[in-house]
Amino acid sequence: MARRSRRWSPVPYLLTLPGALWLTVFFIVPMFTMFSVSFQEGNFEEGFVFTGYWQNYTNVLTRYDTQLFRSLAYGLIVTLVTLCLSYPMAYWIARRGGKNKNLFLLLILLPFFTPFIIRTLAWKQLLGDNSIILGTLKGWNLLPESYQVLATSTAVLSGLIYNFLPFMALPLYVALERMDPSLLDAATDLYSNRRQAFLRVTLPLSLPGVFAGSLLTFIPAVGDFINADLLGGVNTVMIGNVIQREFVTNLDYPEGAALSFLLMGMIVIGVFLYARVLGTEELTG
Amino acid sequence: MATQVETKPTAPPAPGPHKERRKKRAWILPTYTGVIIAYLFIPILVMIMFGFNEPAGRYNFQWEGFTTKWYNPDRLLEFEDLNEAVKNSLLIGVISTFVSTVFGSLIALALTRHRFRGRAGLNLGLFLPMASPEVVLGVALLALFVSLNVNTGFVTIVISHVMFCISYVVVTVKARTSGFDRSLEDAAKDLGADPWTTFWTVTFPLIFPGILAASLLAFALSVDDYVITSFNAGGTVTIPLWVYGASRIGVPPQVNVMGTLLFGIGVIYVLVSIFRGRRQGAVPSPPVKAG
Amino acid sequence: MSAFLAACGVGGSNETGDQNQDDGLTTTKENGELNFANWPLYIDRAKGRRPTLDDFTKASGIQVNYKENIQDNETFFGTIQEPLANDQAIEWDIVVLTDWMIARMIRLGYLEELDHSLLPNFEAHAGQIYKDPVYDPSNAHSVPWQSGITGIGYDPKLTGGEITSFNQLFDPSLEGKVGMFKEMRDTFTLTLLSLDIDPQEASIADIEAATEKLIEQREQGIVRQYYGNEYADALLRGDLAATMAWSGDVFQLQFDNPDLRFVVPDEGGVLWVDNMAIPQNAANPIDAHTFMDFVYDPEIAAQITGWVNYICPVPEAQDLLLKQGEKDSYYKTVAESPLVFPTPEMEANLHGYKDLTADEEEQWQDLFQSVIQG
């Protein structure tokens, strides 16, 4: 697409300048200092000193490997489920939404303009052990008396899926909406089979949306802590909860920072592998 | 958002041998979409309902009886810190959405339409803010502000929100601009349009759905952020901060009412737009170019 | 974080707070203004106003800039630590924080010493257990705002009987129906008491024993979740049969479900105190003293507690509320509740948190982490 040979042009630099500058000053610089913190030793009252203490990394890796891998697994599940849930919806809005496409987008996001705590409390009211849903099913003997949703991994996953659905649906919509309807009709005629037409034309063309949606879902979901905090039980602690606690409660900045960079490293590697699998290098940028 | 932007007028499905079957199944996807949207709305219904509750104590957890008293302006606006938090959240949301959408869209354009040195680095620099745990971003930024002797408050909240929204905007807009067909732009140029006109009449309408989706996402991220905001808020209170703090004593029904009203404004907007669209006729209108 | 900044070479002269010299108050007279940071909904309200603040301004002429911007102790500490460590002033003349955080800030030299000659009401009206507390000997740096008890909240219908001992929360018959706190100090202190260990004297070996007991409880599937504030809605919904609980919350929950009960375990409960304190170099320290003294006027104390319903540090407020209760039964409920005015027997069985050094805190936190982050 942008592969035509051209003279050097200032345009791309001018386009990226404001955003890149912002990210440099307010993200890269602070994160760089944070990176050096991850090699410090000490405690918050006597101060932390830079000693190149790389053991912070191995320490946290051995201590929190369970939570780390649990988070990655949760992230994968959430990404897959939100993808399956939102693709048909995004497809329908993009192809058949007609004049009201933008309004559907707004509808998908409206619920997320309300405070997280209120939304979560609502789910807890609906999913409590004796709630209108579970209590009724138990009353009809469709569920065992001890059955519970809250404080299980199901609850954490459901919370994550609910909260990240729009992050998947929007990029999918954006990619699908771009497609030329006549192309699709041509494909339908050509392959004489709707499944074939979908697999050979629609799906490949929507891959940039799948990729973008997966990024927006997987990356923040892996690092999320609040769903596990409010909906989870004793065996659903995610790495985000550990990091949060290291920073806020334990004031152990070096270990918290080391854990964060470990997580970020794993995510970045995962993302680049994923880009490779999806094929085109163009997807990543 | 009232301007309808479509790359092409939605053509009626071309007649063909599959038309019959397609018709039979035509109800599946719209029903499915309706179900998903209803699912997203479930907690909102509970929130609205408890805005009409008359709690016996200070906790608004259990249905005790119907009342509309929280809608009385005197009661609704009873907590001035909550009022201020609502105002702050909306203002911060709008400003950081605008700034991050502009910055992010420009980066997305540059990344998908130009080859230049530093692309790989820029890509990495865009993934990392999304991959960083929020608390790290919050703490690191606060340390920066303190070292620069900047007092935390409204401005620093906006700065942090723009920072974490940019990546989301870039990724969303890029889903639109990658694989971008430049023939239309070239055609416009061939017709003698200058770059500025080309951008506003051809490029912008083409990528607008991406920008719109991105800005909605950015707004949702901004108004609902707790962790990063809590570190960089100083004396400024936003909705999530106030509600979180109040949850120790009991979140008052006024929070539900405020949420309901904000939600209601959105819904009314949607309904009015649909109604207006209907009145203009069922025939697809020609694409309206923004700008 | 100051240390972190210093280590990165970005400002911050003091590595440790205790180097902060106490150079006395910044002024010796009232300036007519007061900047007050408190938790949301933690002061009385009526008709969209805060009567106590209005009364205070009327009585003293001091304008109060009151902000509800403290969401929890730790996060708030995270945001004020660097300026204080660098011996800079923060925006606030009074902050309200829990006792263990007050102890930490005293140790770090972040709080001004109080001038008790300006606090005659406190001397005259504060309850005995609030004077000379472990976390701040002779109230040198802080005076209580409101307080509460950490004990056990339960629903007798779900437990099938009364709960009197903390050990009942370790009974396998309550499988999946017990709530514990993710607040380290509360959970450890109650567990230590149940092991017959004085929390003030707890050694690391004691904490290890407590950790073991808690891990066993978790592994037996007795604990449903380690909760923050959200245990309250779980208890009301019946998701929890018995749980660690804060007295003020159960008092509120009883309006919705009168069956719910709160008990101080036989082995002992925790009295925690939220205190008013003046941060180092505050601009209006005398105005702050004036306010601190003002809220120890029994009438004012009754006014605040009548709305907030936490434990009042002024015992005389009980009689005043009872008198008010003759006209409005709500105040009678408040005045007669042992959750707002604990009985002497309850008070006798209450303990404070141990004041932890930085090292101890790290060890305790690490052990606690192994309990709650399985």
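Order of writing sets the chain letters: A, B and C. Residues in each chain are counted from 1.
The definition used in the following text is that a residue touches a chain if its C-beta (ideal position, glycine included) is under 8 Å from a C-beta of that chain, and two chains touch if they have at least 3 such contacts.
Bear in mind that the values here come from a model prediction, so they are computed numbers and not experimental data.
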(request) Looking only at C-beta pairs in contact, point me to the busier pair out of A-C and A-B. (result) A-B
(request) Taking CA centroids for every chain, report which one is farthest away from subunit B. (result) C
(request) Report the inter-chain centroid distance for subunit B and subunit C in whole angstrom, where each centroid is the mean of the CA atoms. (result) 38
(request) Just give me the whole-number Å value for how far the CA centre of subunit A lies from that of subunit C. (result) 36
(request) Let me have the rounded angstrom distance from the C-alpha centre of subunit A over to the C-alpha centre of subunit B, please. (result) 16
(request) For subunit C, write out the residues touching at least two other chains, lowest number first. (result) 1, 4, 8, 10, 75, 78, 230, 233, 237
(request) Please set out, as single numbers or ranges, the residues of subunit A touching at least two other chains. (result) 33, 121, 125, 247-248, 253
(message) Residues of subunit B that contact two or more other chains, please.
(response) 61, 139, 143, 244, 247
(message) Under the definition above, what is the set of subunit A residues touching subunit B in their complex?
(response) 1-3, 6, 9, 11-13, 15-16, 18-20, 22-24, 26-31, 33-34, 85-86, 88-89, 91-93, 96, 98-123, 125-126, 162, 165-167, 170-175, 177-178, 180-182, 185, 188-189, 192, 194, 205, 208-209, 211-213, 215-216, 219-220, 222-223, 225-226, 239-240, 243-244, 247-248, 253, 256-257, 260, 263-264, 267-268, 271, 282-285
(message) Which residues of subunit B touch subunit C once you look at their complex with the stated criterion?
(response) 55-59, 61-62, 64, 74, 77-81, 139, 142-143, 146-147, 149, 151-152, 230-231, 233-237, 241-242, 244-250, 252
(request) Would you tell me which residues of subunit A are touching subunit C in their complex? (result) 33, 36-37, 40, 42-50, 64, 67, 121, 124-125, 128-131, 146, 148, 150-151, 229-230, 232-235, 237, 241-242, 245, 247-253
(message) Can you tell me which positions in subunit C touch subunit A when the two form their complex?
(response) 1-4, 6-8, 10, 15-17, 74-75, 78, 107-108, 176, 184, 218, 223-226, 228, 230, 233-234, 237-239, 357-359, 361-362, 365-366, 369, 372-374
(request) Please give the residue numbers of subunit C that touch subunit B in the complex, ascending. (result) 1, 4-5, 8, 10-12, 37, 39-42, 45, 47-48, 67-72, 75, 78-79, 82-83, 86, 91, 229-230, 232-233, 236-237, 248, 251-257, 308-309
